[in-house]
Amino acid sequence: MTLPASLQNQDCFSIEDDKLHEECGVVGVWTTQDAASLTALGLHALQHRGQEASGIVTFDGHQFCTHRGLGLVGEVFADPQIIAKLPGGSAIGHNRYATTGETQIRNVQPLYGDFEFGGFAVAHNGNLTNAQLLKQSLVRRGCLFQSSTDSEVFIHLIAISLYTNVIDRFIDALKQVQGAYSLVALSKDMLIAARDPLGVRPLILGKLPQGKEKKSWVVASETCALSSMGAEFVRDIEPGEVIIINDDGIQSIKPFSNVANRFCIFEYVYFARPDSVIENKSVYMARKKIGAELAKECNVDADVVVPVPDSGVPAAIGYAAASKIPFELGIIRSHYIGRTFIEPTDQIRHLGVKLKHSTNRSVLEGKRVILIDDSIVRGTTSKKIVEMVRAAGATEVHLRIASPPTQYSCFYGIDTPAQEKLLAHTHNIDEMCKLIGTDSLGFISCDGLYRALGEEKRNNFDPQYCDACFTGDYPIPLTDHDKQLIKTK
Amino acid sequence: MTLPASLQNQDCFSIEDDKLHEECGVVGVWTTQDAASLTALGLHALQHRGQEASGIVTFDGHQFCTHRGLGLVGEVFADPQIIAKLPGGSAIGHNRYATTGETQIRNVQPLYGDFEFGGFAVAHNGNLTNAQLLKQSLVRRGCLFQSSTDSEVFIHLIAISLYTNVIDRFIDALKQVQGAYSLVALSKDMLIAARDPLGVRPLILGKLPQGKEKKSWVVASETCALSSMGAEFVRDIEPGEVIIINDDGIQSIKPFSNVANRFCIFEYVYFARPDSVIENKSVYMARKKIGAELAKECNVDADVVVPVPDSGVPAAIGYAAASKIPFELGIIRSHYIGRTFIEPTDQIRHLGVKLKHSTNRSVLEGKRVILIDDSIVRGTTSKKIVEMVRAAGATEVHLRIASPPTQYSCFYGIDTPAQEKLLAHTHNIDEMCKLIGTDSLGFISCDGLYRALGEEKRNNFDPQYCDACFTGDYPIPLTDHDKQLIKTK
Amino acid sequence: MTLPASLQNQDCFSIEDDKLHEECGVVGVWTTQDAASLTALGLHALQHRGQEASGIVTFDGHQFCTHRGLGLVGEVFADPQIIAKLPGGSAIGHNRYATTGETQIRNVQPLYGDFEFGGFAVAHNGNLTNAQLLKQSLVRRGCLFQSSTDSEVFIHLIAISLYTNVIDRFIDALKQVQGAYSLVALSKDMLIAARDPLGVRPLILGKLPQGKEKKSWVVASETCALSSMGAEFVRDIEPGEVIIINDDGIQSIKPFSNVANRFCIFEYVYFARPDSVIENKSVYMARKKIGAELAKECNVDADVVVPVPDSGVPAAIGYAAASKIPFELGIIRSHYIGRTFIEPTDQIRHLGVKLKHSTNRSVLEGKRVILIDDSIVRGTTSKKIVEMVRAAGATEVHLRIASPPTQYSCFYGIDTPAQEKLLAHTHNIDEMCKLIGTDSLGFISCDGLYRALGEEKRNNFDPQYCDACFTGDYPIPLTDHDKQLIKTK
Amino acid sequence: MTLPASLQNQDCFSIEDDKLHEECGVVGVWTTQDAASLTALGLHALQHRGQEASGIVTFDGHQFCTHRGLGLVGEVFADPQIIAKLPGGSAIGHNRYATTGETQIRNVQPLYGDFEFGGFAVAHNGNLTNAQLLKQSLVRRGCLFQSSTDSEVFIHLIAISLYTNVIDRFIDALKQVQGAYSLVALSKDMLIAARDPLGVRPLILGKLPQGKEKKSWVVASETCALSSMGAEFVRDIEPGEVIIINDDGIQSIKPFSNVANRFCIFEYVYFARPDSVIENKSVYMARKKIGAELAKECNVDADVVVPVPDSGVPAAIGYAAASKIPFELGIIRSHYIGRTFIEPTDQIRHLGVKLKHSTNRSVLEGKRVILIDDSIVRGTTSKKIVEMVRAAGATEVHLRIASPPTQYSCFYGIDTPAQEKLLAHTHNIDEMCKLIGTDSLGFISCDGLYRALGEEKRNNFDPQYCDACFTGDYPIPLTDHDKQLIKTK
């Protein structure tokens, strides 16, 4: 058994590259003033959903104003003059994680177009599975694509719709796309929010306490954005629901006949922020329960439970409490500037210098360690972490993973490597254990994960969540993708 | 009892301003190549000791090269071309936290001068207590001060010393200054490291594994810098010790007759990084023991132990283990870009928007909460945190502090507010409890703190640590300061 | 007679705002390598045609690469890494002067789209006069406009054309637009250059000396770009001509039946660079002849002829030679950074500080001065210049203008103020003279201007040039503009 | 005769490198407010005297504020917030051209130090000839040098002076230095301006018109700065004069017994701005007279007189008027961003692309051309210009130089190449003519130059100017330089 390429050639600095990445976060604000500031604050709270680019479009009663840039929210909107040039009481915003590597400014959302009915801006979290097919038809028809994002088909579908009314056009467009989407959109008259019929990506509605003259509303990917914005939670937007917000209040439309709830289970495992609440479940509590379930399913005798920070912490707390093994911070993560800033010369590679993580020897030395991580993607991270922990004196290292093996790519808005790069697709657990170098390796079972989320078990005939990355059970057609390419093990 | 000014006019964004700040971190490298890269990696690991500016001086066998800038290490040295312009096998570096607010480039260390014997660079962590007095004499003598730092007196004292030898001049200078210092210095022939006779600030020696031709050494403020640099720990540099490193190896000189060990106890409480080991004690373990001691001294019946992140986490783990009350992450801290980027309009103030911390309602709602923080300075942070926790539904909030009340300013290298701004100087514990709005407030006792560090109790005749900020017992004369101004309660 | 608003409230710094601005310069390169560098060099030489933004699109055999930015060519392409990311042997480029004030990145050309037939980029100098009308229809059809430039209708017309072939689509688009245009366009197979049927804006063809494998060609707005690029002049592209350049050589198509030559006469007066040659006439020589003609038409007894730098210099040389009055540099212009960098406080306004121009007192003091300028737009510049010259001691100031009075706005690619802001529209020459404060004021006659360009006189039935700004005789329909708004005096 | 190295390896872009460079410009302002803005405006007008760095120090009644940066004045002070952070009514400023190539921020003036008597800032135009000697002594004494500029000895000499009074210390320092200097200095109580005993560099006094409360004064290197600042000319500061400006008015001190007037004659030839007046002589008029004298001394039959822009223009106007040969702009210079921004690949070198100058073929083709330039340094520029002019079709090219052959280096504040790099040092005129490729080459004679400046001829026993670069007659001892190295031909 040779070492897979993914475990060779390891960059000596970062152990963070080997995570799945949420592709986007969205925010919408309908109030009387300062909409851009509020949107920026919301986007900042959703920074974990996309760190490569950010943008805001506002409407000030007369015109649409826009600013987009590459970088974190706090970088793109660092200059107060930028916010000052985004006046108005309504706004939408977007954080982006680029899947294709080409993070160009022309791909940064919100997308905007001058339509017959006026300006219209759209921000999209998710991924369309028939975008290529639609794009081909649209280009043949004479539509000019400015970006290389799948999201741009939305605005062209709206532009060419035969309906006259904005809402009708918007719904007309929704009915032609397949895939996962949580959308916010802004016209001069209204803020629109919509979720795909399976509700794969989260989207919630909140309320701003002020507003004598008119009610003030916000929509956002997660509840964690609400406190940033000083808003209160109202409710989740439902799968297949379209919400229209204007000065008359909120209108809810449900244009789809076939609606189910197949929320992305990985949002609970890793993507969402722990202080968010999704469909009445606290993400933090869900992770603790996953940890507890994991302890039940595959515990091992050990001295300490150590999370891989930061994402493994809640599961580790749950695991420690369930297993009665002490929880300790055995790995410390630096929170200063993330990007590699030193060119790795041979000497520096040889020295094995580390920028982001370091081990806390006092906790690890001479100990049998249970490491808790949320998932294994390529396995490169896990291998390095295990090496570091052993180098700090651990006598045994047992790796426990708070999700089932990730064997399938996601096509619904998460950046996963090609399937053949997924360690769990190409190797069984014993092989993985050997490659990673742990004394033992355990994953929570699929049913265990469902139990942690309050279900009795996975309903295999009508699953309660989208868990395609674990099961290959894709609930939305993958029209643009050759299904032959997705292999079962 | 009126509200002190420090608790009014609260900035709505950050609850981090109300911490004591370590003033500096230092690194020195003596090897064959890449000294600047290694120094930058070490400074990055010491980022918590100074975040406002950073600088490196290298010597490449022919000339000294220097780069200094305002910002984090990863910002100042972001461009690989900058490191490329710092060639050589020896280097010193410095992270700075400015006490005076005027973070000007001319104050960024290392300081450098062209001396009769060649170039010489110095980086200083600590604070001199007779710098003003010395500066007056030096200026009168015709010395030109370029910076407004106390550290500059070192290089002038070296410049005017009547000794000819670099070491003799350096020690001559050391003998004239009072205060706390951990120094690294670089001449064309040697790397020097020195610690004041009471060893107030930390300084450690490490070794690089490579080096067939010559031995490679590093010095750094804390051991946490070693793994960043791929180096191994050798030993603490002792109080009053001067280490000279050159190609012949290491020479140790102890020029002071009166040497004691009065290491800063607050380094254990808050300043040092948890994965550092100081004088054979793990900082993380020390904090856990402080938490355990705190639980012993002033426990209260409650449902959850919640740390104020990140500094309160180890003490909270210790407290939870000792009290058998579950440890929970009730407050989440954003690790994205720290600086405030939104201008707070009235509306935004009114909404109480938050950028850096948010509460995890699922853990707090309906619960009796024990909050663990490391210290109370002005009290503003504590007040906001308590409000946030109550707003998230906590039924009781009990605040426990992992250090005794901070009643005295530090003059040895820590940025403390003027004494009258210290809440514990102007108020007793009951008053503080009321002002902060907690149901109860408890501090670890001074003896309890010493116990957590392995002592039986504080030796009041010859204390084992410098604890002036708690006790007013200043072990080094405060020559520049009017002692009348320091009041006992 | 009250002072018109344009002569009040004068900015104290610049006397350059009161010029007409050419809107754009274009460059195209078809060679084997380094196309981006050559394009940038050409754009740099055409900097006078647009100073607000610049962009280049290249094709490297596989994909199109693009970079656009706000600022001068030397700023937008300052970083060699930017050019390095624009590989390939073919390229087009564009300099922009924004007419509307909103110089946003989305308006910076070249425009680019992914078409059914592949990528296609277009850069446009000129202005379309039916762009609004076309845009309305296109938007109604579902086309999404990304920019607010008139030029974008080109690419939508190409996108929706029913022809399949690129050239056919391109010509199909040309036939639908009205206005002035010199275009360069790039597909994966060819470089296209086209000039409107009246040839209002210049466009020339050049050849690169290298090219064993294939012939290398360049197109550019003016010949001055050729020497920058190391290219040789081949010929003017003709009015109504479309040139297709590919590896097989050059093909010329003339798709329009009605073609005339109505080249913009103001290019000779002011816009073009003096070292350019347009339609076999040297711009420098043309300006000298205009100066000589002006001396013939309205000379006055004086001591010195002084140009308003830099644009008035050639006419002043011609005037001085014809009138035998000495030519002197009485006004010096600073060529360092042009933008105002000092906020004008009251004191600074009061002091009348100057950034860009200063008088050379030694030449002016006690002298009767003939000032030569190219044109009068709002008159604000002229007034300040005359004041400065008097303040330097001139006893008489006679202003002579190297063009007829500018009474009409341009709609063909030149940024002119609204007609009512044109001093010559609202005032007769006597009134202008008084307002500007000269002892006498003279303009060259329209026939005089034509004589200077080698014509006997203006052919009023079929004018040899477009001189609408002087005569109101607009040779291309102003479809988008309410012709009622253009008033004859 | 082989080609000297200086004429090989020619950079393909710029023909400007081969000029002598003035090393600095200085400004001082004593008024009630906005001193920094006025100083920046003055420095902007003196930009030609130093383009690599700029700095301003102000005093606001309480403290000194400073900003220094690399780049043009308009770049260093581009941000209005920078000027806003330089409050106060008194200021000094400095433009720098670095001689040594190491333009580091620590070398940017004004220099500043905290002295026993308070803060003190100094800005220096010129060069000291015993700075190395003084620096050695000062370093031996314990003075720490922060910069590598000769100017820093001033502030150390002031710092160690035994006098108590600022003025006495300042004069004490002046008496110890040798060399050329025009100085401005600022203490909390006064603005000081001083010129060396031979008055080698210019320095003038002006008055601001406002100032009811107190008189407002400015000092500057040249009068051209006055109109920029809205100030009026008062008088030249005299050789060896020290001017003290405070709220009581102006005091003049003449501390030197041996004073002469040996003003740098090259300031008239090239350095000063043409609209400046120095010692009652207009620089522009002086250059015209030099041109006329040159025409008298070495005219040749030709068709056009063409200046090498911009510096050759006034001499060419004078030459043309005297010779009755028409003046024409045969070479056009681009005034957009000066720095090379394209990496020269082989192809681009081969194409001979040009960024800064281009020829105006209409003026040169088929013509016998007299080219007028101000001086020949290495000869590289001249060679390229002549090639360009021939390539544009000139049948003959005659080069006439408005100064005698430059055979000696300057040590008084002008950046000249080492003597062996000066073409006129290593070659006679015939050889130079051949190397440069002209049909004939003529220089003005030394006596001719003096005549143009109003003298009968050079007084060889007591020359009226410093003309060491032409004659090797150095009026100030070159203490730091081995005089053996300066060779007569």
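Chains here go by letter, A, B, C and D, matching the order in which they are written, and residues are numbered from 1 within each.
Rule of thumb we're sticking to: contacts are C-beta pairs under 8 Å (C-beta built on N, C-alpha and C of every residue); 3 or more make two chains touch, one makes a residue touch a chain.
None of these values were measured; they are calculated from a predicted model.
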Maximum distance between Cα centroids and chain D occurs for chain A
Compute the distance, rounded to whole Å, between the mean C-alpha positions of chain B and chain C.
61
Centroid of chain A to centroid of chain B, CA atoms only: how many Å?
36
Distance from the mean Cα position of chain D to that of chain B, given in whole angstrom:
50
Chain contact topology (line, ring, star, complete or other)
ring
Can you name every pair of chains that touch?
A-B, A-C, B-D, C-D
What residues on chain A touch chain B, complex-wise?
33-34, 37-38, 40-41, 44-45, 47, 51, 72-75, 77-78, 80, 83, 208-210, 224, 227-231, 273-275, 277, 282, 284-285, 310, 313-314, 317, 321, 326-329, 332, 334-337, 339, 341-343, 345, 347-348, 350-355, 358-363
In the complex, chain A touches chain C at residues 105, 112-116, 139-146, 155-156, 159-161
